[in-house]
Amino acid sequence: MLDVKDVTRMFGTKAAVDRVSFTVTGPAFVGIIGRSGAGKSTFLRMMNRLTDATFGQIMVDGTDILALRGAQARAWQSQCAMIFQQFNLVPRMDVASNVLHGILNRRSTMQTMFNLWPRADIIRALEILDRLGIAEQAPKRTEALSGGQQQRVAIARALMQDPKIILADEPIASLDPMNAQIVMDALKKINVEDGRMVIANLHTLDTARRYCDRVIGMRDGRIVFDGTPDQLSTGVARDIYGADASFNESATSTAIPTDATADRVYADAMLS
Amino acid sequence: MLDVKDVTRMFGTKAAVDRVSFTVTGPAFVGIIGRSGAGKSTFLRMMNRLTDATFGQIMVDGTDILALRGAQARAWQSQCAMIFQQFNLVPRMDVASNVLHGILNRRSTMQTMFNLWPRADIIRALEILDRLGIAEQAPKRTEALSGGQQQRVAIARALMQDPKIILADEPIASLDPMNAQIVMDALKKINVEDGRMVIANLHTLDTARRYCDRVIGMRDGRIVFDGTPDQLSTGVARDIYGADASFNESATSTAIPTDATADRVYADAMLS
Amino acid sequence: QDAITGFNIGILGGENAQDRMTSNECFRKYVEEAIGVPVKLFAPADYDGVIQGLLGGTIDMAWLGPSAYAKVYLTNPEAVDVAMVKTNLDKTYTYYSIGFARADSGITSMDDMKGKVMSFNDPNSASGYLIPRVELPQSGYSIEPGEFYGDVKFTGGHEQTIVAVKNGDVDAGVTWADGQGDWEDGYNSGALRKASDAGLVDMNDLVEIWRSKPIPEGPIVLRRALPQDVKQSIIDLTMGLIDKDKDCTYNIAAGETAGFTEVGHDVYETMIEVRRQQDGM
Amino acid sequence: MTASALTASPIPPSLAETVTKSFARKRLMAFAVPALILLYLAYTAVAFDLAGLAQRAKLDNAAILLSDFVTHKTHVTRDNRDGKLTVSVEGEGKGTYPPDRLPEWVITTGEVTTIDLGKGSVVTYDSDGARFVVPDYGTIDIRPDGDRLILNAPQPLPSWINVSDTRVSVTTPAGRFSYTRSKVETFRYQFGWELFFFTLDSPFSGKGPLELVGLALSGDRIDPARSNVSYMVNEVWTNKMWRHGDVVWALFETILMAFLGTMGAAIIALPLGFVAASNFNPLAPVRFGLRRVFDFIRGVDGLIWTIILSRAFGPGPMTGALAILITDTGSFGKMFSEALENIDDKQVEGVRSTGANSLLRARFGVIPQVTPVLLSQVLYYLESNTRSATVIGAIVGGGIGLLLTQAIQTQKDWEEVAYYMTLIVLMVMAMDSLSGWLRRKLIKGE
Amino acid sequence: MVDIAFGPERGKRPDTASIQDSYLDMVRRKRMYGGILLALFIATLASGWMLADSRNAGGFWNGILNVFDFPSEVVAEAWVKRALIPALFIDHIPALIETLNIAAVATLLGGVAAMSLSLLATRGLARWPRMIPVFRRSMDALRAIPEIVIALVLIYILGGGPVPAVIAIALHTGGALGKLFSEVAENADLKPVEGLQSVGASWTQQMWLGVIPQVAPNWLSYALLRFEINVRASAILGFVGEGGIGHDLKLAMQWGQGRYDEVVAIFLLLFFAIVVIDRTSDHFRNRLVKGR
């Protein structure tokens, strides 16, 4: 279904993405991890045609989408939804309008210019919002929503596009843990229930491990790891992130601790 | 040394801090934990006189610092340094100037306006920066520094004040794990080496457990736990945070995972 | 010629009237009655507005100062026709440029002004600048600053000159008066009379130190392109106004008058010459 | 634990040197900048001749001005040639008291007129001449003798009596008095804006507030044709002294000029702004040319445009509005294009990622985010143009500005100046709050 | 794994149909109001122009054909006498300098006043929070009076010369900049201020070190913009009665034919001065606000 061949993007003399190749066959949940500057965003932006590739091919169902131009490229964009770290919504417009932007490519310019959407489209937008649990936010301005809600609006816009592929560029990096979980769960559900492929750049290994079917690790523009979440050991992670051994991660975990002793005492007390 | 009696702060009809009382005798490292809105910040701000208390007393060496006014309150502030989550430095000024701000209370307005700092003070500021490992940053603009470095500048400013007490309001919440560790280590060192009392609001139990001599847990403005780190079990933590069992914390941990095997190998190697 | 759909009257500031809109309201009504189209009054704060209006054809009738008329004529001789002029009580239609100073300054004639500060009104004003500018040097008082006078200033208008002299900001100034009646009343009409009546100055405090040759009053002009019958009815109306409504005549003339009389372009030839000579100075 | 965090090593001397030097430099700047500014101010003080000004400044003028703002004077004039007596406010025909309703402090019996200026100051006109009794001084007696005036007054004459053969004037705190061969005049100064509501020829003049309310409520019509209230409103509206109707119209005209000019300019500048913004128009020469055009029309200034347009359109409010329109097209064009260049790309990118074409990207990615900026600029200009329209109005002969400049230039009707100034300040403040309100309403939340 | 993706709100959600109805309702209402507002705006604008047109001496359509009459008259004459123009430039440079000085001094004085006024009138920074409305209203009043009014009144007291102009422009500048300054200060980050407060700094120290450095670029940028506006204002004041280049321009302009070369010379001088200031201030403002 998706066949990435030798895709490269140069910025000046520096290769932000360097001969990336991989193949995805079914509607998988693919996670891309790697530290800042590894080229994750650049790769997704090339897939969505927001950035042009320097060379390489991305074949989707037999078409090289990197070679499309003008209206055809826009048609591809409409099939390949993108979710951004900063949501990239229009904050001053209401939630439903933002969702409706997903079908801009399919409606006539004249009609949409004056924000005159057909009733059926509005209803579909509301249904999608309802599916994501934020239907009652529909009339509000998007800027009035919390980060997690905004990201769900962005997902709704993506669903409105009825895309083959959903690209998500660090969708939870601006969110707090609670909202992050809600958003990741939503993406997973779309992946499983609708059978749409999801490719997500992720910041945190935990998340990748938990949600992805397949994890691709990038470093300096190249793929340095490609496998299942289980294959992701600390050593591999240290390779990907370039962290050194002196770094003790547990001191700063934001999670509530699993203190074995205290828990055992508590458990004993409960069991007794 | 520090005797907090019945301190309360109302916002409207809501008590943000509700009859908090505790006593600290020596130069302890006290951690205050609790979820968002528990009143941690409000309490520290009252200690520093940034926020007025509704009633109650905080006795320090026999003086009720909550009753001080005007210049006396400012004099107290100069003895009680505060470190903020967002550093609260002057970003456009250089690092050394920011550290020198610690002694503003002792300088006249005119002297400040014309940037008249005695050479001895400048040298002392540099020494403090050096102690925190960032002396070479002294001439840079503060905004050019990384988060961890900025927080160390804030600590340097606090040390410049030569305070009795250092208050730290979530000093590592805006920092990445690596920097967080450096900052906490620095605070601990000051606590141990200089014998200054440190009271820190902390977001994460791990950190509290690792650095504090004593942990105070707050919920809805009241103290619900006061004890040593060892007494902090998962059950107690769940009480303090009001988290329910369904919330799975590991999904969103930002830490690189503890691959137990790798660590065990390392530990074995060290012990052998 | 086409019939007109509206008629615009421009009123000039400074030289003649200040409370212009109201004093001319009665006249506006008469004109409206006479020619049967809506009549509007325009009173821009300085000369130029009306002059531009006449040149551009948007103002149909105006009462100009002699110098302003000269400017219109020099810019476009085809634009307007001189129609009438206001007469004094003795039927003359001349006035004077009067030089004056503070009585307690010891200045009694222009000779005493050597090295002192002389002021004029505004460079387009006939009595307040142009005429003195030509006549003073002829009598040996060069108006180049520093030659005879210590300095030469512009005050901006007649009232300002009077106030400036009274306040001692300048040693002497020029303004217009009809030269009839008594000095202590500020003559029968003119800027001094108005200022004295208003309590702005006490005429005892001022003395006359110079007087120009007679200057013709500014003309009432009509746009040349107006239909002949319109022109005629306006002229008839204005000339007959003194018998019809004395108060209104007094209002628009800004003082005692024996009415309006017809006059031709030739009266202003001198004035135009004065101005032409000074072009580019 | 990271060892590097707290290692203590002596500070390199070079570092201490750098830092102390940088502080010395800052200190120098801290002194040098104020010093330079002071130096410049000193230079301008000399250039502006501040010392000379201090001598020339007339603070008594300020006192007169301030008191004139809130007082009026009443003239009591007798024409010495025909003996006619007139009493009028500000000496104006429209403020003349009818002979049967003179103010109570003017009493006429036959040839004799007694004017009571209060506190013992009394002026008497009689067939022989006039007398002015000044308390603590004595009686000033003037009688004409042929062409001359003969003055009888306690000697030595104080400086507030100004005498010549033909004219005597007396200035006292109670009032002013002057005598010439042709007329004798007394001026009485009183507090308040006289005749502000009703002129003397109105049936409502001289009535107290209670009386007026009573009249307004009562059914007995003064003029059978209309109710008392509408009659009253009409009398105030057409007040001949203060001309409230004209003034309100003038205010409206001023606002009209500002509104038309600003809105017209905004409508023209919006499309031009897109053409001049580098992220919407790739043709650099067109952009450059258009920007210079903006610079030019802005640089020329509204006042000059007013004069240029006066020739074509003649005086009147449209000329003023067009002048504002032209100037502001320049300002808006520049500001709009800058605002468009500073937009947040995230939103545009979000819209773009759905496959929208460029027109739709502008509509949904750009317009929503620039609207607040543009709107707030337009509203800000609307408010500030209300002020400019005041000045422009003076030139095109319309609006409150004309009334104001005329009143100031005659330098006598200061109470009118005060009235107009108050109105202008209120008008601008009202426009300010209106634009603030619209800004809040349209930008912050709907 | 517990799926809480679709919200802890589950169960108490209002039913979908009512949400749809109310939203569609809102869309309809918005379209209607939008249409009405647009129609109202257009009607106001159109009738306003018609009214202004009818009150004008000359109509729009007649006039539009003649817009270039006056400029071409001026330019034609100036072109004939173009040789004289350089000398005229030099003649008027002192007047230009006076105009610039008036603007500069007024901006300086007004700017200093605006600095203190704005800090005193900003929520969160004010020394005496209760006095905020007082300072705000006084800024409003300063802003509301047109410069020309103050200048004309001051001329009566101080006599002619540049000082009344300086005072008039400075007063206005104080009010106008004060408002803009306070808007900037309102958006200033309070964290540094709080940081300084926590070490026991006085109010002045907090402002000087915590607020001024943050707002300085924007303030300076506004002050430069104001300087530009004030140059124009000072020229205009000259035009209406004071000294400076505006006065020269007015004299030449009023004289009319015969001195159009002078008009053009002064105009060009003033125009170039304004453009130079405009460009320079733009350049510096961009550098200040967007960072170097």
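Letters are used for the chains, namely A, B, C, D and E, taken in the order the chains are written, and counting of residues starts over at 1 for each.
The rule we apply is simple: contacts are C-beta pairs under 8 Å (C-beta built on N, C-alpha and C of every residue); 3 or more make two chains touch, one makes a residue touch a chain.
As the structure is a prediction and not an experimental result, all values here were calculated from the model.
Peer 1: What chains do chain C and chain E have as common neighbours?
Peer 2: D
Peer 1: Taking mean CA positions as centres, which chain lies farthest from chain D?
Peer 2: Checked the centroid distances; the maximum from chain D is A.
Peer 1: Mind having a look at which chain is the central one, using mean CA positions?
Peer 2: Answer for the innermost chain: E.
Peer 1: Of the pairs B-D and D-E, which shows more C-beta pairs in contact?
Peer 2: Between B-D and D-E, the larger count of C-beta pairs in contact belongs to D-E.
Peer 1: How many degrees of rotation bring the Cα atoms of chain A onto the matching Cα atoms of chain B, given to the nearest 5?
Peer 2: About 175 degrees, rounded to the nearest 5.
Peer 1: With chain centres taken as the means of their Cα atoms, state the distance from chain A to chain D in Å.
Peer 2: 61
Peer 1: Which whole number of Å gives the spacing of the CA centres of chain A and chain E?
Peer 2: 45
Peer 1: For chain A and chain B, let me know how many angstrom lie between their CA-based centres, rounded off.
Peer 2: Taking the average C-alpha coordinate of chain A and of chain B, the gap between them is 36 Å.
Peer 1: Counting in whole Å, what is the centre-to-centre distance of chain B and chain C, each centre being its mean C-alpha position?
Peer 2: 83
Peer 1: Would you pick out the residues of chain A that each touch at least 2 other chains?
Peer 2: In chain A, the residues touching two or more other chains are 181, 210, 248.
Peer 1: Where in chain D do residues touch two or more other chains at once?
Peer 2: 1-2, 56, 58, 61, 307, 310-316, 394, 405, 409, 411
Peer 1: Would you give the residues of chain E that are in contact with at least 2 other chains, written as numbers and ranges?
Peer 2: 1, 4, 55-58, 63, 66, 69-70, 156, 159, 253
Peer 1: Which of the residues in chain D end up touching chain E in this complex?
Peer 2: It is residues 37, 40-41, 44, 47-50, 53, 56-59, 61-62, 65, 253, 256-257, 259-260, 263-264, 295-296, 298-301, 303-304, 307-319, 321, 387-388, 390-391, 394, 398, 401, 404-405, 408-409, 411, 417, 421, 424-426, 428-429, 432 of chain D that touch chain E.
Peer 1: Under the definition above, what is the set of chain B residues touching chain E in their complex?
Peer 2: Residue list for chain B touching chain E: 48, 50, 73-78, 81-82, 84, 86-93, 101-105, 107, 109, 112-113, 154, 157, 161, 246, 248.
Peer 1: Can you tell me which positions in chain D touch chain A when the two form their complex?
Peer 2: Chain D reaches chain A through residues 1-2, 346-347, 349-357, 359-360, 363-365, 368-369, 371-372, 445.
Peer 1: Could you pull out which chain A residues touch chain E in their complex?
Peer 2: Per the stated touch rule, the residues are 96, 116-117, 119, 122-123, 126-127, 130-136, 138-139, 181-183, 185-186, 188-189, 210.
Peer 1: Taking the touch rule as given, give the residues of chain D at its contact with chain C in the complex, in rising order.
Peer 2: 56, 58, 61, 73, 91, 162-164, 166-167, 169, 176, 178, 180-183, 187, 240, 243, 246, 307, 310-316, 394-397, 402, 405-406, 409-412
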